[in-house]
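I have a structure here, written as structure tokens, and I will follow up with some questions on it.
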Amino acid sequence: MEELAMTKQTNPVRVGIIGLGRLGSRHARHLTEKIQGVDVVAACALDKDQLQWAHDDLGIEKTFLDYKEMIDQSNLDAVVIVAPTPFHPEMTTYAMNAGLHVFCEKPLGLDLDEVQRMADTIHQHPKQIFQSGFMRRYDKSYQYAKKIVDEGKIGKIIYMRGYGIDPISGMESFKKFASEADSGGIFVDMNIHDVDLIRWFTHQEPVEAYGLTSNIAAPDLADIGEFETGVAQLKMDGGVIATLIGGRHAAHGNQVELEVMGSNGWLRVGEHPDLNRVTVFSENGVSRPSLQSFGARFDEAFLDEVQDFISNIAKGKQPEVTVEDGIRALKIAKACQESANTGKLVNIPKG
Amino acid sequence: MEELAMTKQTNPVRVGIIGLGRLGSRHARHLTEKIQGVDVVAACALDKDQLQWAHDDLGIEKTFLDYKEMIDQSNLDAVVIVAPTPFHPEMTTYAMNAGLHVFCEKPLGLDLDEVQRMADTIHQHPKQIFQSGFMRRYDKSYQYAKKIVDEGKIGKIIYMRGYGIDPISGMESFKKFASEADSGGIFVDMNIHDVDLIRWFTHQEPVEAYGLTSNIAAPDLADIGEFETGVAQLKMDGGVIATLIGGRHAAHGNQVELEVMGSNGWLRVGEHPDLNRVTVFSENGVSRPSLQSFGARFDEAFLDEVQDFISNIAKGKQPEVTVEDGIRALKIAKACQESANTGKLVNIPKG
Amino acid sequence: MEELAMTKQTNPVRVGIIGLGRLGSRHARHLTEKIQGVDVVAACALDKDQLQWAHDDLGIEKTFLDYKEMIDQSNLDAVVIVAPTPFHPEMTTYAMNAGLHVFCEKPLGLDLDEVQRMADTIHQHPKQIFQSGFMRRYDKSYQYAKKIVDEGKIGKIIYMRGYGIDPISGMESFKKFASEADSGGIFVDMNIHDVDLIRWFTHQEPVEAYGLTSNIAAPDLADIGEFETGVAQLKMDGGVIATLIGGRHAAHGNQVELEVMGSNGWLRVGEHPDLNRVTVFSENGVSRPSLQSFGARFDEAFLDEVQDFISNIAKGKQPEVTVEDGIRALKIAKACQESANTGKLVNIPKG
Amino acid sequence: MEELAMTKQTNPVRVGIIGLGRLGSRHARHLTEKIQGVDVVAACALDKDQLQWAHDDLGIEKTFLDYKEMIDQSNLDAVVIVAPTPFHPEMTTYAMNAGLHVFCEKPLGLDLDEVQRMADTIHQHPKQIFQSGFMRRYDKSYQYAKKIVDEGKIGKIIYMRGYGIDPISGMESFKKFASEADSGGIFVDMNIHDVDLIRWFTHQEPVEAYGLTSNIAAPDLADIGEFETGVAQLKMDGGVIATLIGGRHAAHGNQVELEVMGSNGWLRVGEHPDLNRVTVFSENGVSRPSLQSFGARFDEAFLDEVQDFISNIAKGKQPEVTVEDGIRALKIAKACQESANTGKLVNIPKG
């Protein structure tokens, strides 16, 4: 039996991770504790405490404050980029040019020209895997819904509705974040996954957007150029209609809900953000406690997408989601924002 | 067209109502405002304010403190008895002997011998309608469930579970009531409808009962000889097993729940006591407010059962539920109590 | 006590009903069987079978094929108009000019000029009650939600979403109806109540609409100039954003859902159109059967609104909802349709 | 930083696994792919295909048909026993005497004397970890419920109800299993976790049981001495009352439900066995698809309990659940069965 076992001993993928914040630390933990076929040999962050934690708690040997240094010195096969969005293009470009496989969190960037140049670089390296973080495609509930739709069980899609609404409990941390960095605006920040899902489910492209925004729930967001709520209605080229809602002020928890209305049935994914399997009968009536964090909601999907990245490297297989999907989602989210900013309908060019 | 219309002009049934408490006033209002083919010509109660209300608000012409006087003087066709349970047998007997149709609220009484004699009287007047208040059989949800079961859609019944649990909010009023009158005990008071439903759904008879009671939630009920919770397991003659739970201490509301476990599917009626069609998303998670009162829960069934009584009189048709059904339910509920009192399994004779 | 009782004997309101179709027959039954203080002395319809039924089953003495004849000959106090929408203005005008109180089903009409003239007539008769059929304001669930909102429990309203979607089972009957009459279009036909609710909850006015329609689920509706689905996004003058969805193709049942998203909590009314209180555990998982008809959903509200009309007559009190509310709702629904027809954003003048 | 990293390099625990069936293969996969601090160096099973899979897919080097040989030859620190229940005592005893830490799946065994002797052996080796598989204590929903109860938020516990009901889809596999091995009977097989939970939540001991069984849903189970349904009512020494239901015939899925009724609120864990976060609106009404397998339901708990075992070894810390807890649960489940077999109330001695 020894030979067979040998085939298991393919060399693990040598990975460096860039960014150890809320999501970065989650990826780092998954990579070191749960993902097969990988060695996390280096981590990069601007915060020394985070690096200390990566070293001490996760056992990552080498730590860096400069991502280029990490790439140059660590003999990596791949990088996992979880840095703030504006840095995604330059980091991806540097890593691709260094011959590495790249996993880059969504969105690809905020500036479309930059992102387009990054895509050009990616295309110059067709043998290196580039994968972006549309992790909802890995979530079992969306996959179940997609299967039902693809099997024709709800007929033809008529309408879709995507909610990406953060809990009130996250407001202070958002204010801090958005004061220091560019969130991309409410639609880019909160609905880019919904845009991806709508394209994934319908195989149609949005061609027109009507966006509206407000700060009724959080007037002081205006001071930092942000909106608390954004609502956009999209016209798709095949006749489907869609609504996006992004928000930052849900009292109950993290409402990530997708509705797919078909000609012969509907689906709702995440209608209520149940925290667990407990139902509470109390003076408030009958209730289910709610999830507060997208991390808890999508922990398994975050794990599975990075495991898939590692497997794709091993198999030399590009992922289903391409950089073009990422660019398209970004353009659509930005068109919603443009409509809200200008008060006009905005056409979304197909290209 | 005039002749046809004439046939609508059959004389309305002249009814007197006995008892104007919580449930009696509900019946009185239904009878005067919503039920067809009836004239409420007299009301009897011990409370003068209640009589004043019946006269002024409902327009009931004659009011009485003594039910016999009412029956003797009012040229009635029928009485609706909603007095305290211990009076049911004597009132029914007096009314039947006076030639009247009788609607009597459940339970039929508390003393089985008395109830048996009342049944004898009823049988001596086969042309007079006698109907007892098993109103759940008129509730649309139970009827829907019964239909599914009767159509064989859930296979053969294996197990049933009936909860009759009052909200905490009703505790003080219960203490007052039980200090003044005999409630019949937790099983008679809270589960006699469940017993009826179990017999109705299964066509089987309980043959053995194991009852347990407690006062954990309301220790001072012991002072008035009452229990807060009762749980009983019943063995039915056809193999079905059943659990009854009676209680007086639900924090959320009025839990009247029935489970029917079949060999090919289950049903739950009233799994959550939804107050209305509103879902609330708040810091408590996602919740549905709950009903607090059985009156609100069963208002339509209370209306429909009395309307059916009036229709039965017009058609000269005895109701499906007989006095024997009432006696049987009473015996079974009492057997559960006896088991709890003695700590032993109790056989329930068929007769 | 006799004097007090006397005051109950005010003369009943003499009512004639116009229209005995699906909704008209419901109102007729309510008026004859359940509503207090009213005598239905005449009915008008074009269908002789319906008139026969009204006479025979409901005991309505006089029946007419011509509504003017009915009004002229029946010594009425009031009319209840449940005829097809295009006739509402002329019937209301005729009745008001004849000195009658008028209850008129929604919408007020389809032609805005006609409706405006009808409103002028109404204003010329300020002592006669005019009430329109916005029955959802009488529904206990909406009232509960409204109370929560008015008490400030969910903070300030940010967003509202109203679904008015008929079941597939109603499609054939709609096709027949829409082939013979003008439905007013998907938004007028299916969302006018939602428009009223949004105005009622927010105290704001829509100022801009973006509507889209489709026939993906029912392509042959195009032949009769109808759309199966309509989606509109509304900008309100106080910053609230709203989405309306009208449809005719829900596989599960009648989806009348309202979402109210507040800065400190959300409400959904009718999230699932539960038929009753039964939960079914079967090979389909755990399910709740759904309502198929708006009549069943709103039976109690339909009853209560007409009871309120009768009470308003007795009290000489105009209802909260005015003819202007009806006109405003109609204008807004029509603006959504105009946007869908023209492909442009449509401004909604305040006047 | 190097020194700190060193401390991570404690030697992994060398584990051998016994049993690679449905649950055993799950544990084996968890141990090789997801659990930290462990090396699975050997596997034992009677089925050569299973051993081949363990070797080829999981990379477990040494495989054995005989568990003693495995223990003798593999220089193990610990064994994980997932063999059929009757073998648990002898395997545990052999491993403990060989100086190994032992994780043993529930139940501890079927013969109480054997299990008692096994406990004696365990006690002779107080420095070796012995942990049994009460994995529900590791499930996040039960832990959440336990926390709420322990914080007093639902007052004092009055009543508990535990359902362990397998889906119809598992019936054939159960028949095969029960024809070849002793399941222990319906209560031992399906409710032993519920018994553990009831003791864990209440800190009370059952003192009396009334059990009933039936084969209505699966008459041919009688041929192999099994029952399809078992229902037992338990009296606890502190006044709590409990109901256990075990079954093998749920049409919808795997119903593992626990109710905790408190004097000031209730909890239900697993009221509906939701498969995922998808709600389906179809001709069946509004439904949630159901889990079919306890493995899927408790995958994370199975992982966490074995991870905890490995951590306990590293820390030299005995687990909260002791062998006595396992013995007690077994005695109680057997008492329910004895009551069903004899038709009598059965006392459960405390010892």
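Lettered A, B, C and D in written order, each chain numbered from 1.
Keep this in mind: a contact is a pair of C-beta atoms (placed from the backbone, for glycine too) under 8 Å apart; a residue touches a chain by one contact, two chains touch by 3 or more.
Being a predicted model, the structure only gives us computed values, none of them experimental.
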Of all other chains, the one whose Cα centre sits farthest from chain A: B
The larger set of C-beta contacts, choosing between A-B and B-D, lies at B-D
The distance between the C-alpha centres of chain B and chain D, rounded to whole Å, is 44
Round to the nearest whole Å and give the separation of the Cα centres of chain A and chain D. 37
Need the CA-centroid distance for the pair chain A / chain B, whole Å please. 57
Multi-chain contacts only, two chains or more: what residues does chain B have there? 154, 250-252, 265-266, 271, 274-275, 280-283, 289
Touching chain C in the complex: which residues of chain A? 154-159, 168, 210, 212, 214, 216-218, 228-229, 231-233, 235, 239-241, 243, 245, 247, 249-252, 261-266, 271, 344-345
Can you check the complex and tell me which residues of chain D touch chain C? 250-253, 255, 272-275, 280-290
Chain B - residues contacting chain C, complex: 1, 4-5, 8, 33-34, 36, 52, 55-56, 59, 61, 63, 140-141, 144-145, 148, 154, 265-271, 274-283, 289
